[in-house]
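Look at the two complexes coming up: chain A is in both, with chain B in one and chain C in the other.
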Partner chain A sequence: MDLKTWAVFVASAVLKLSLNFLFPSLHSILGQHVEVTTSMTSFKQLKEGLHLYEIGISPYDGGVYHQAPIFLLLFKFLGKCGSTSPNSPIINVFYVFADIITAYFLCAISKSPSLAKTNQLADWVIASIYLFNPLVVATNIARSTAVLSNAAMIGSIAYACYNWNILSVMFLALASHANIYSVYLLPPFLVLWTSTTGASTASVIKYLTLYIAMSTGLASIGYFMTGSLQYLTATYGSLLFFKDLAPNMGLWWYFFMEMFDFFRPLFTYIFQLYSLIYVLPITFRLHNYPLMAITCIVGMTTISKSYPEVGDLGVYISLLSLFRFIFPNVRYALLAALVILHSLVLAPSFYHLWIYLGSGNANFFYAITLVYTIGMTIIITDTLRATLLIEFQGTEDPSKAVIQI
Partner chain B sequence: MAILQNVRRQLFGKKGTRESFVSLLPGLSFILVLAGLAWLFVLPMKDQSRRTYISENALLPGQAHTYFSGSEEHIVRAFKEEVRLLKEAPDEKRANTVRQWLSDIGYKSATHNWTISHYDDIKAGVNVYGVLHAPRGDTTESMILCAPWLNRDGELNESGVAIAMALARYFTRWSIWSKDIIVLIPSDTSFGLSKWVEDYHYTSMPVSSGSIQGGIVLDFPGEGGRFENLEIFYSGLNGQLPNLDLINTVVVICGHMGIKVIVHDIDASDDGYENRAITLVTGIAHQALSGLYRPGAGNEAFSGWRIDSVTLAAKTSSNGYGPYDQMLYGRLVEASMRSINNLLEHFHQSFFFYLLLSPNRFVSIATYLPTAMLIGASFTIKGIYYWMSSSSTKTSKMFDEAISAFWLFITIVSCSIGLFSLSAWIPSSMLASEVFIVSAVTPILPITFRLLISAKPASYINKLQSYVLIFVGLFLTTLSTLNFSLSLMLGLIFAPLAHFLTPSLTAPPKSSIECLERLFTKFISWIVVVATCPWLDIYLYYLMVVKGTEFPGQLSLRTLRIFIANTSQNEFCEFLSGIMWSWRALGVWSFVPVLFVVWLPLWLVSCVVVSVRSPQISTNLRQNGKDRNDG
Partner chain C sequence: MPPSESAEAIVLRRKVVLSFWAVFVFLGLPLWFHTTTIHRTPLPLSAIETLDNELKDGLGLSRDDDPGLHITVGVKRNCLHGTTTLEISEEVQRLVRKEGTSSVFNLELVDAQECSGCSMPKYTLDCITSDRTPLPKTISDVEEISVYIPSNNGSKEIIASGLYDAFVGDFLFFNKHDLGSIDRAISPTTGIASTLYRGATYADAIHLSFTLLIALDSSESERHIEALSPEFQTEWRAHAEKVWNSLKLGELNRFVTSITFDTDVGFQYMTDHNHEWARVEKDGSPDNLSSLLDTWDLQPITLLTTGANSSAVKVLQFVYFLPPYSTNTKSLSFTVGNWGGVVMAGDTPDLPAAMRTFGRQIDKLLSPVSFSLANGSKSRKVLPHGHEFARIATIMNLRGAVETLSALSRLVTSLPEMAVPSTVRDLVDSAITEWHSAVANLHSNFDQAAENRGLYHAAAAAQFARQAVFDKDMMLNMFVPFEHKIAVYLPLLGPVIVPLVAGLRRVVIESRKKEP
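This part shows the complex of A and B:
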């Protein structure tokens, strides 16, 4: 960590704090935007759940709160230290800190033994790509809890890169507790553990057992807190079966809105299968590049998960910034940037036309989410192609040995 | 594949695919502007437009018999007499009297005091309204009958208010209403009315009703009670339009009653191409600039709240006579209210995006949107061209250039936003001084840029242009879905900046002809930059459209000076503060913020482009030589 990186950290903290200070209603404006938060990450619903929990009613009654029970404990603790109003000092500092930690993890990944062999961007560039990304800033100011689950996910990757596998497993368990789609990272993590440390089968089984134990432990917190297993259907259930039918940036909501009810189970399985189906092929194909496999799976999940938000794209772009060696092979950066930019500007305006002015309709917004998905697909295929090209050149020309990352 | 390669070689010569693709872009971009403009003139053709039709069957316009006639005329006359007596009365007294009338008729009534202020610039007034709870409804839905005390020209809305009161009284005798009727007499058509609508939705009013489904605004000034034709005003703020079904309903009812309907003050009896084209262009101008500096017709205030409304303006002839009388107007309103009353759900069936060519002809969004979209896309394509043509093989140099050009772009945008905040913040009386200072600074801007910004290579300038053009393209495409007309207008104003701007060239001219050519392009660039200066354009608009000054026929310094000085500072200040008020009080974001956040940065960047020096030729030659050696 050089001085410049610390300067970026401080600047990002100043930016977020001053935005919150100058525009005190910004968090509620952004919090209402369906592009920025979903019912799985919304701070407003977290506060409702917290209130129910504090007055002794199960927060999972009534179908408002869908987030993991651990957030209740965390924010109850934060509430004890100060207040949980979205603009209170403690919450401000906590969220700013969470983002800086994530950026720190990203810098650490770029310095890790496997990646350090390749030509890397400077730390402060990587940190600012994450910290000053408008999507990440918006997600942070909206107080989406995805900020925390993303921090846990990036943390687990960072620890895996440094062979601190136990910590990595624990962070992965935390991340998948908050956002179950992080489970998809398990296969590439297996590759990562075995390739970087050359861990034996026995130790891999040990890690897996630890992961399962840790996940079960975290899950049982909910049981002890609420006294029933109802929370499982309210959290994982509504995420897996898409119970909370509301518009978001993903592909799901429009289909399920149009669909007859008796088709719902079938298409729920199909959509979930679709998001799962890429995991193993990507892991196998990119077994030489487990980090790239993780990045690709994060990108694919952003497209195919049931409640995506734009912050996920910010995380994906930050992960991509670690692979500088593929940049020369990337072809459609301008196209992808323009498509994503247009969709991100048009999405709120079409949502406004549909919900507030009433002159547009759901098709407007859905069309834009499709464009957004196309933009994401362009990035994923383009970077995947660029990676495979590097691998190909490595095997063609012995002087360019395969870069193992 | 071989054939394709042959074709490519025939088309582009020996250039690579990328270069040949890039070299096509400027032409494509320019063609898109021309195509967009040409498409605008295709729209008024008979085959492109459709006849309007009633889409929502529940409306049944003109199907019910109307009974507002006979002895009701005495009531109208009596109310008219009363209104005339209140003409000079202070606001408070007027409001209380009208409120008493409404209570006497049997409405729950209340007054609504409103004030909006910005420093010492205070606007205030009193609105009156009353609610008739529907005999067959549950007060969840309502419709509005609105007669502003003063109409859009500031005249006393004498017959309008009287007919509204008589109708209000007459409506109480019917048991057919399934929606509450709100009778609203706002003090004016702009701030008072929009403040009432805002407070109705945001605060708890002493008397209230359900969600407002539709509204009719009555505009019938004068005491004669006869009118020549009926003009429908429908443009809302920020490009909002009421559902086409509402306009159709009124037009159909007028057809049944034999009333002549016009839109945009254009006689539609001659349904020729020229007439349709003029209606189209006037409609676009109205939509783009509605609510901006003068009071609207009244229906604007309801837009943006999901309330479909139209203003029915009875136009009297100069001698006060006309073929139709006030009772017919009353029956028109009665029939329209009954149609709205018939609605089972909110207006949704028909179009929300349309351009009217005559009261019963329209172009739908699918047909007209290409105009603005093509023009918007031309900016993006030109931006892509500048980006791709300026990317060199030296990635690190390109990266640095891109970053530093981006910083300049961000600085320019931030300065513009700063100026915007300043203009919104200072008192109205200081606006004229601000504009004076800004216009005085503007001419020296190019010199300042030339001195302050060090010499930049063409690739840097291209990067800067590419940022601003992509930004403008992005903005215009988005705007065209919200406010088509404004997007089209701005696109046409901005287009020369994307196509006729030439930065200083690095290489020395090879021949005298090339030298002349450069002088010519430089001259064109400067003309374009001067002509698209926001302040100049606003001032010219003010002089020629608002004041109606004729542009001097023969150009001389003297005639020009008379033309430019044809205003007093107070009048111009009034105009400017009107524009600021439209943003501040009415929420018309589609002009002032757009001016500062899009137009000004684009113009400033263009200024930089034409005024920044190119690097010294000698160093440039050396650079070129080095490049060649490297290659």
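This part shows the complex of A and C:
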């Protein structure tokens, strides 16, 4: 890691600490924005759950806390070291450290053997794309717990790239425990884990068993902490069955506000299936590029999950920055960027119009989330097309004309 | 032409297409089927039909000595010229249906001369042909009902109308042996039921309050001077106590926890000569009594409002009223249902006569009776209202429960696309269980505590039945017609199925090309 990269780390730490110091209420303002945090990642609800846990009441009883039990352990420990107030020094340092660790993992991925042959951006650029991304900064200052699950996911990718597969499995299990949608990354990770030894049935079963065992271990921690498996319905159940109907940057909430109860189970399953159905085909198609497969699935999950945040887009863009070699083949970058930019600017305004001023309605905000999704779709399809084109160019005679479909 | 694909690329594409289809077929289709199938939990329809038949058979109760269930009216021969008891019953039933009301008693019309083997009818129906004005609807004597017919051959419609008017508001439904499977009835509004209910309904404690109310104004009269004297008031108290002792109300303690009484002397100073009581004196109508009572600042009545085991204290007020000045007044008395009685003194206060009147009023309001028990003995004197109320209310609730469950049974049978959640089955099972508990308590040989429990179970059965019919999950799913489902499925699945089918088609074509 060169000096420039460390300088970027330090600068981002200074930036975030300064923002927290100069604007102490910024975390509260951002924490209230549905674009930045959701009920599944909110720090405020985490504090409520922590308080209930500390006084001996199950945090999953009241329907307020929907996050993994491991966060309770973590923040209880942090509370003993200091305060769990969002602006307390220990929490400030912890979140800054989490982001820096994530950036470090991204830099490590870019220098991994699988990407070493490609023309990569400099480490400090990759780190800057992540650390100074406004979406990531906003998510960090809002103290969303998505910062931690994203760190675990990217850590898992980093370890897998260096064949530290056991650690990779562990981090993926941790990421899945915090965010169930990380389970979708299992197929491309299996390809990644078996890339050096070969994708034999035995190795696949080995990593699968390891993953299941670690996930079960983490789930049992939750069981022993809360005394029952009730937390599974409160955490994963709420996420999968969309129990907390609240507006966010996703596509779900508007449908479920309007539909008849008769169709609610059908739509829940269809929407979840829609995010699941792409996992295996993408893994098969991009089996030679498991990192790109992981990135594509992260992007697909970002637009199809039940409680998306803008921080997910920040992570996706940061992962895309690792694939510099596809940039020349991307055709709609400007269009996608403008669409995303417009949607991110208008979303808070329309939400404010709808909720606080009362002069708008849900259609305003949902239209912007649709625009946001269109922008994301453009990015995903464009990068996928660019990847397939590079794959095609790599397998065919470069002198032949490439047929544009 | 596009460049030819390598074999590896074809295999890869096949894997991609089939993986899409695998998720669609093995996950998507079963979930679609599971989430859109109308779940109909089987209901115990035969058990519901059994309840209905049991009710029509009288719940296994002995009708002859069950005041809560059966009333026999002996129809005199002069009513049966050119008609029969069956035809009269059918006509009354037609009037019942027209009114659309419901009740609980079992009315049986029998020929008064040919009632062999049956117990003495409680009521008799007599048809009079004179041009006397028929008795008013409010019947004081409940034992004989007279119907006026214009000629010697009274049509069944006239007799039925008279019978209906006499009993309307009473608890009647018609014996299936007379009319087949008819099970409509009449709700209590007037008639015998109102008489019963204007009396003292059941209460755990009854308090009798005797009040001597003296109205004063600027004029003086001897009777006022006498009434104001301590001796007169002492005499008043003594007479009230005699009434109390004469009632032997200790026998009624089986059904009420206590009966108490008090005496009071009150004064009402009136300055205006246009008194309400003057109108009362002229018209003699009890309708004006309410305004008269309003002018007296008397203790409000604690009325029984719920259930036979209410702990409310029933207060009955008996007021001996001395008008303010001497006029040619005659002694008047009024019995006010659920309130008590009033005796207005004439020119000369006659306390013994007033107390006798009070005694009759109390007897009318409380009317303790004894019943024949299965072993041939007579029960202790009981307040029939308390006893009958519990049984009547129990049977009304049971009837309501069975009607509701039968309606649910018909609804579920006739609408195959209506969902029946498991909660509805649980509610129906609970209603049937409570129904059986209520019926078991009705067979308690007039044990009031058991009958109170039966009332509770019957009310619970009716409540569960209503909840089962109006279950929101059952009703809401009714409003999603099939064409709406198509409108939802098509845009949801159509865009997805097109590329899947196209991909599968290409895979199939390729595999067919390979086969030869």
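The criterion applied here is as follows: the second predicted complex is superposed on the first by the 392 of 405 C-alpha atoms of A that agree within 3 Å, B and C clash if a C-alpha of one lies under 4 Å from a C-alpha of the other, contacts with A are read in each partner's own complex, and residues count from 1 in each chain.
We take it that contacts are C-beta pairs under 8 Å (C-beta built on N, C-alpha and C of every residue); 3 or more make two chains touch, one makes a residue touch a chain.
Remember, it's a predicted structure, so these values are computed and weren't measured experimentally.
On the superposed chain A, the two partners chain B and chain C both fit, without a clash. By the document's definition of touching, neither partner reaches A:220: not chain B, not chain C.
Shared-chain residue A:334: touches chain B; no touch with chain C.
Contact with neither chain B nor chain C is seen for A:32 once the two complexes are overlaid on the shared chain.
Contacts of A:280 after superposition on the shared chain: chain C is touched, whereas chain B is not. Of the two partner chains placed around the shared chain by superposition, chain C is the only one that A:270 touches, whereas chain B remains out of contact.
Put simply, more of the residues of chain A are touched by C, taking chain B and chain C as the two choices.
In the superposed model, the angle subtended at the C-alpha centre of chain A by the C-alpha centres of chain B and chain C comes to 80 degrees, rounded to the nearest 10. Judged by the touch definition given at the top, the superposed model places A:262 against chain C, while chain B stays out of reach.
Looking at the shared chain after the overlay, A:345 reaches chain B, while chain C stays out of its contact range.
The minimum CA-CA separation between chain B and chain C in the overlaid arrangement is 16 Å, rounded to the whole angstrom.
Chain C contributes residues 2-3, 6, 12, 15-17, 19-20, 22-24, 27-28, 31-32, 34-36, 473, 476-477, 479-480, 488, 492-493, 496 to its touches with chain A in the complex. Taken together, the chain A residues at the contact with chain B in this complex read 328, 334, 338, 341-342, 345-346, 349-350, 352-353, 356-360, 364.
Residue ranges of chain B in contact with chain A, taken from their complex: 240-241, 304, 306, 346, 348, 352-353, 380, 384, 387-388, 395, 470, 474-475, 477-478, 481-482. The touching residues of chain A, when paired with chain C in their complex, are 260-263, 265-270, 273-274, 276-277, 280-281, 284-285, 287, 395-396, 400, 403, 405.
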